[in-house]
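For clarity, chains are labelled A, B, C and D in written order, and residue numbers in each chain start from 1.
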Amino acid sequence: MFFASDNWAGVHPKIAESLTSHASGYASAYGTSDQDKRIEEHFNSLFEREVSVFFVATGTAANSLALASVARPGGVTLCHYEAHVTADEGGAPEFLTGATRLLPVEGGHGKIDSGALAKALSGFDTPSVHHGQPMAVTVTQATEAGTVYKLNELDEIAALTKAKNLPLHMDGARFANALVALDATPAEMTWKRGIDILSFGGTKNGCWCAEAIVFMKPEMAKEMPYIRKRSAQLFSKTRFISAQLEAYLDNGLWLEMASHANTMADRLRAGLQSKNTARLAWDTQANEVFALLDKTSAERARTKGARFYDWSIPRENPYLVGEDETLVRLVTSFATTETEVNQFIDVV
Amino acid sequence: MFFASDNWAGVHPKIAESLTSHASGYASAYGTSDQDKRIEEHFNSLFEREVSVFFVATGTAANSLALASVARPGGVTLCHYEAHVTADEGGAPEFLTGATRLLPVEGGHGKIDSGALAKALSGFDTPSVHHGQPMAVTVTQATEAGTVYKLNELDEIAALTKAKNLPLHMDGARFANALVALDATPAEMTWKRGIDILSFGGTKNGCWCAEAIVFMKPEMAKEMPYIRKRSAQLFSKTRFISAQLEAYLDNGLWLEMASHANTMADRLRAGLQSKNTARLAWDTQANEVFALLDKTSAERARTKGARFYDWSIPRENPYLVGEDETLVRLVTSFATTETEVNQFIDVV
Amino acid sequence: MFFASDNWAGVHPKIAESLTSHASGYASAYGTSDQDKRIEEHFNSLFEREVSVFFVATGTAANSLALASVARPGGVTLCHYEAHVTADEGGAPEFLTGATRLLPVEGGHGKIDSGALAKALSGFDTPSVHHGQPMAVTVTQATEAGTVYKLNELDEIAALTKAKNLPLHMDGARFANALVALDATPAEMTWKRGIDILSFGGTKNGCWCAEAIVFMKPEMAKEMPYIRKRSAQLFSKTRFISAQLEAYLDNGLWLEMASHANTMADRLRAGLQSKNTARLAWDTQANEVFALLDKTSAERARTKGARFYDWSIPRENPYLVGEDETLVRLVTSFATTETEVNQFIDVV
Amino acid sequence: MFFASDNWAGVHPKIAESLTSHASGYASAYGTSDQDKRIEEHFNSLFEREVSVFFVATGTAANSLALASVARPGGVTLCHYEAHVTADEGGAPEFLTGATRLLPVEGGHGKIDSGALAKALSGFDTPSVHHGQPMAVTVTQATEAGTVYKLNELDEIAALTKAKNLPLHMDGARFANALVALDATPAEMTWKRGIDILSFGGTKNGCWCAEAIVFMKPEMAKEMPYIRKRSAQLFSKTRFISAQLEAYLDNGLWLEMASHANTMADRLRAGLQSKNTARLAWDTQANEVFALLDKTSAERARTKGARFYDWSIPRENPYLVGEDETLVRLVTSFATTETEVNQFIDVV
């Protein structure tokens, strides 16, 4: 019963196989091989336009270097207050962008509230060196709270950023889970909505280590080769990334895995709602479930081998958690089985 | 005939196998799993002392973060003028150490000359904010020039650094090749010589991506977890590194691969020396051969499919290359075959 | 009627005189002259202990470099949410500390609430690379809200920081105004309370440009000479700073000027309280007054030549400002005259 | 007999007077006052075009922030190997540009050799992330070696930088001395030659602290306000800079002072050449003289109160200094008197 995080799972067998099949032979290094280029081109068809793709080591790197590509002196990036960039990346976005800032914006259930964003942006309407200058807005899709921005919600945010001439970044650590939840295409969920740069995450969805920064407008990526190298994020044997992505994207494996994870989350939600000892903290659409367990059940589940993390009470709902309750996060993945879900519901 | 670089090769089948065997199951993320800890402990026995080990994404990251761990304001790291840190890492050591400097020191065939080092260090004997302060010395073993520091040569350098109370770092991107060349143990070639921090490279020697920073004195690594995270170098599914290293270190596979690569280089050297149309530029001990080919042979070899890079004329020997000659670098790896070597010698 | 800021005033005639008297003659540069050393020694007697003093160009530099001296990778500095470092320094503290973070803490009227601080610090009790590590706490004395921490309030904060083994910094841009308000000695308001590093500001209190970082424990300042130089904050003709400070500290001129400024603020407060068209927003103790003016009076005052800034509504009191009111900040200085104050009260 | 540096002198009485005359009254802060704007406009007429001017605290800041304004990831600035930026600024240019690099180029007597520059630039003709990308060329006028680039020498360098589309920066710490030596106008020695950004130094030539960055094309300065603020180089009471510059530029005082300094250097050169115990190390044109004194005379001069620094033997002339000789630098300033010069020549 492993619901701690989707990065506790290993890799899909087809991805392991693909790696093995690329083990022999020579290929030019540092992303210049035919194999690497083939995968990059695959992203063009995936996104239905010419994009510019950069593999990096971690999701934190993808986010940080995406922001580095639009960094300005005294720059400020607006994000949700629970966004991974501000809450969980140990200062990497600040460090790798040359000491720009993150400005947390309010909003329920992991989504930036567009009113709050408009207000925060208006704080920069009168330029002032004392307060810095806005450099980007970033949204997380699916969010840290397991929710998914609807397409029109992305449109609203994009309208605000475009009005200020700011680039819009999407942290897609759980991009596939969001796509499946919305039944949208990559193009529909990104540049058709106004997303300029995407952190395309594969690791949480069945790869070992496959993260890419995707620039929807290649001209915005001019400095990226240098940004990536100076941040020590340019692999020599890039094949080991592209081989993973080859299998990942082949025949829709990625969407299949995400779909499975989301379905397991649905099952978990449904199961928990039928319990007296548990209730959903809020509704979610992707592969995360947030539940309020009574403390005894949470304790019992852990004793019986369930692994999951306690979660912080959201700012916008300080009285969410009852006295005898614990707020927990349950994450499903491509590897989650129905048996695990059933077992968990049973022990709670 | 692929002699361009050892990072053009793929991975050893046993390493691919190991990865596959760890594909299923759950493990806690960010380097905290039992598997990760087991490999870290293996480094203790490998180095015959308690060491502190940090996996990172690239050799450039290993070098840069090793130096970041000893960075000081206005800091200066002394290195050979051809060292990878100064010649080939796109400014990553400077960037990831918070803008410290590299000070190139002279020396023949990739090795720091101890006299030149003593002189360079003495430049800091009178403290001056205008000139910065020394923070580390770094040596590359095997060097970029294919040579290997003898143990007593390392002693000489270590004596100089200890006299100034400076940490000594070793860039071991080709650590195994050097070990094999010297027939030394990891302990003998590192802390017994005065090395404080090692960039332990596996990628160039048959891994996909396996680089580790090894602190010989764990107390020097106190800030490293934060340094690594802020540099976006902390993998979530760390298993994929430790699984590689498990196979790499098992049963001496790593030394076997390095030994093979070195032997292929020996063979290449021997073959070239028997030629009229080629001569060795200088003697090497690890898996790189530097040769002066006459331009026609170099051209012919390339036409027939040989892949290798031209190399810069070393500062200390400006008249090395004859008018009709080209200086080339030939790198062998675990994957190099005798057939490749024979073929190359034939076409030259 | 200039109440916009104390940095709109010029310099006290005695300071101008002192500069002129040092115009001729030679002195060794970069802070090494006898004159510079004499002033540094004066700080020892001022603070009743051996301190280490570094002149820098601006208050922002003093704060930023003070924090740089205690910076750690992934470091987080806790400050009041309205503190100058986070609200008004254009990202300099982040930039000059190598991309550390500022974590705003709540508290009324510009003062960190010790309960909120305790809670924020406890967030780091379980070390986590994802969240960074605490590196310092900073208080502003007098605060941005014109209030002054009482000595026992400083004790409370110091107790919390010492318990976590964290350095405590004081932004003393208005240090003299606070001293006078508390009728305390420099020692009593700093190291006797647990302050480790002080930004000692002279500019706002009658100097042209005289800011110093004072380390209460000189051993904490070991890297400062290099930190200051790499930040381009080491003046060559340091005399021009020490000459200002010579006059500033001579015969208590600095306290006299601060006392005058505070008295003018008292007079302003008293005058406003007697008005129907104005009320104090909160009580202040130093040289700033925050008032709620009805919009017509504010407008009228401006038309008649009064200069002052509107101020943000404090988070802790969102309903402070009535519909027809404006919250304004009024700052007095050594140069403020009774006539100015009277005139202002008349026009409001 | 003070020949250690021109920054050992104080200020010209007229500059002290000007400061005093601006001591009273109010002026808006942070460079927004009428006084500041008037001086900025004066630069327009001085340079015979619309320029953009930024006051900063030190010459090191002027150089570092000028380069920060053209910084690129993995950026490399080419400079003379003895340039102040690389030899004497404690890593500030690297730190304040976000960890870019300086690449020293050879050349005799402090001047970049255009052939060496062409070769160094050609090293970037094939873009490579491993080697970084060129971002600027910087020249020092007058040079650290007391020489002055002729206008056509600047043209040669500018032609090379323009061909690579690189900005050209001039470190004008001794700008006035060079102007006087060449009998050129500011426009002729800067933008008419292809200089894009100038560090305009007043401190070494009779000011307390007056350094400005001058952008010949204001559109290149768009990010500078933020760059300056994040580097803590924005003074609040900017008047104290502009008041100095007002007197400095008034009625040609600056050129008068530079002319005096240069004349004193001429006198020193002439005097030394007439000596048996001294010879000029090389010819100079501005306010520095480099002399080879026999060791006894150097010793005697110091005993009798002469202050001057020993100097490093230039790379291009390793056999310059005889066994019994010392290479010394003698710097004159606006404050140097004929008596000092005569005395010095007498004691040598």
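Everything that follows uses one rule, which is that contacts are C-beta pairs under 8 Å (C-beta built on N, C-alpha and C of every residue); 3 or more make two chains touch, one makes a residue touch a chain.
Molecules present, by chain and UniProt name: A, B, C, D = L-threonine aldolase.
As the structure is a prediction and not an experimental result, all values here were calculated from the model.
J.: What is the chain whose Cα centre is as far as it gets from that of subunit A (L-threonine aldolase)?
T.: Farthest by centroid: D.
J.: Any chance you could check whether A-D or C-D wins on number of contacting C-beta pairs?
T.: C-D
J.: Using Cα averages as centroids, what's the distance between subunit B (L-threonine aldolase) and subunit D (L-threonine aldolase) in whole Å?
T.: 41
J.: Once you find the CA centre of subunit A (L-threonine aldolase) and the CA centre of subunit D (L-threonine aldolase), what distance in Å lies between them?
T.: For subunit A (L-threonine aldolase) versus subunit D (L-threonine aldolase), the centre distance works out to 50 Å.
J.: Between subunit C (L-threonine aldolase) and subunit D (L-threonine aldolase), tell me the centre distance in angstrom, where each centre is the average of that chain's C-alpha atoms.
T.: Inter-chain centre distance comes to 34 Å.
J.: Could you tell me which residues belong to subunit C (L-threonine aldolase) and also touch two or more other chains?
T.: Residues 73-75, 89-91, 94-95, 98-99, 129-130, 132, 226, 229-230, 234 of subunit C (L-threonine aldolase) touch two or more partner chains.
J.: For a test of understanding, state which residues of subunit C (L-threonine aldolase) touch subunit D (L-threonine aldolase) in their complex under the given definition.
T.: Against subunit D (L-threonine aldolase), subunit C (L-threonine aldolase) makes touches at 2, 4-5, 7-13, 15-17, 19-20, 22-29, 56-61, 64-65, 89-92, 94-96, 203-204, 208-209, 226, 229-237, 239-240, 307, 335.
J.: Can you list the residues on subunit D (L-threonine aldolase) that touch subunit B (L-threonine aldolase) in the complex?
T.: Residue list for subunit D (L-threonine aldolase) touching subunit B (L-threonine aldolase): 73-76, 87-91, 94-95, 98-101, 129-132.
J.: If you look only at subunit C (L-threonine aldolase), which of its residues touch subunit B (L-threonine aldolase) in the complex?
T.: Per the stated touch rule, the residues are 30, 68, 72-75, 98-99, 129-130, 132-133, 223, 225-230, 234.
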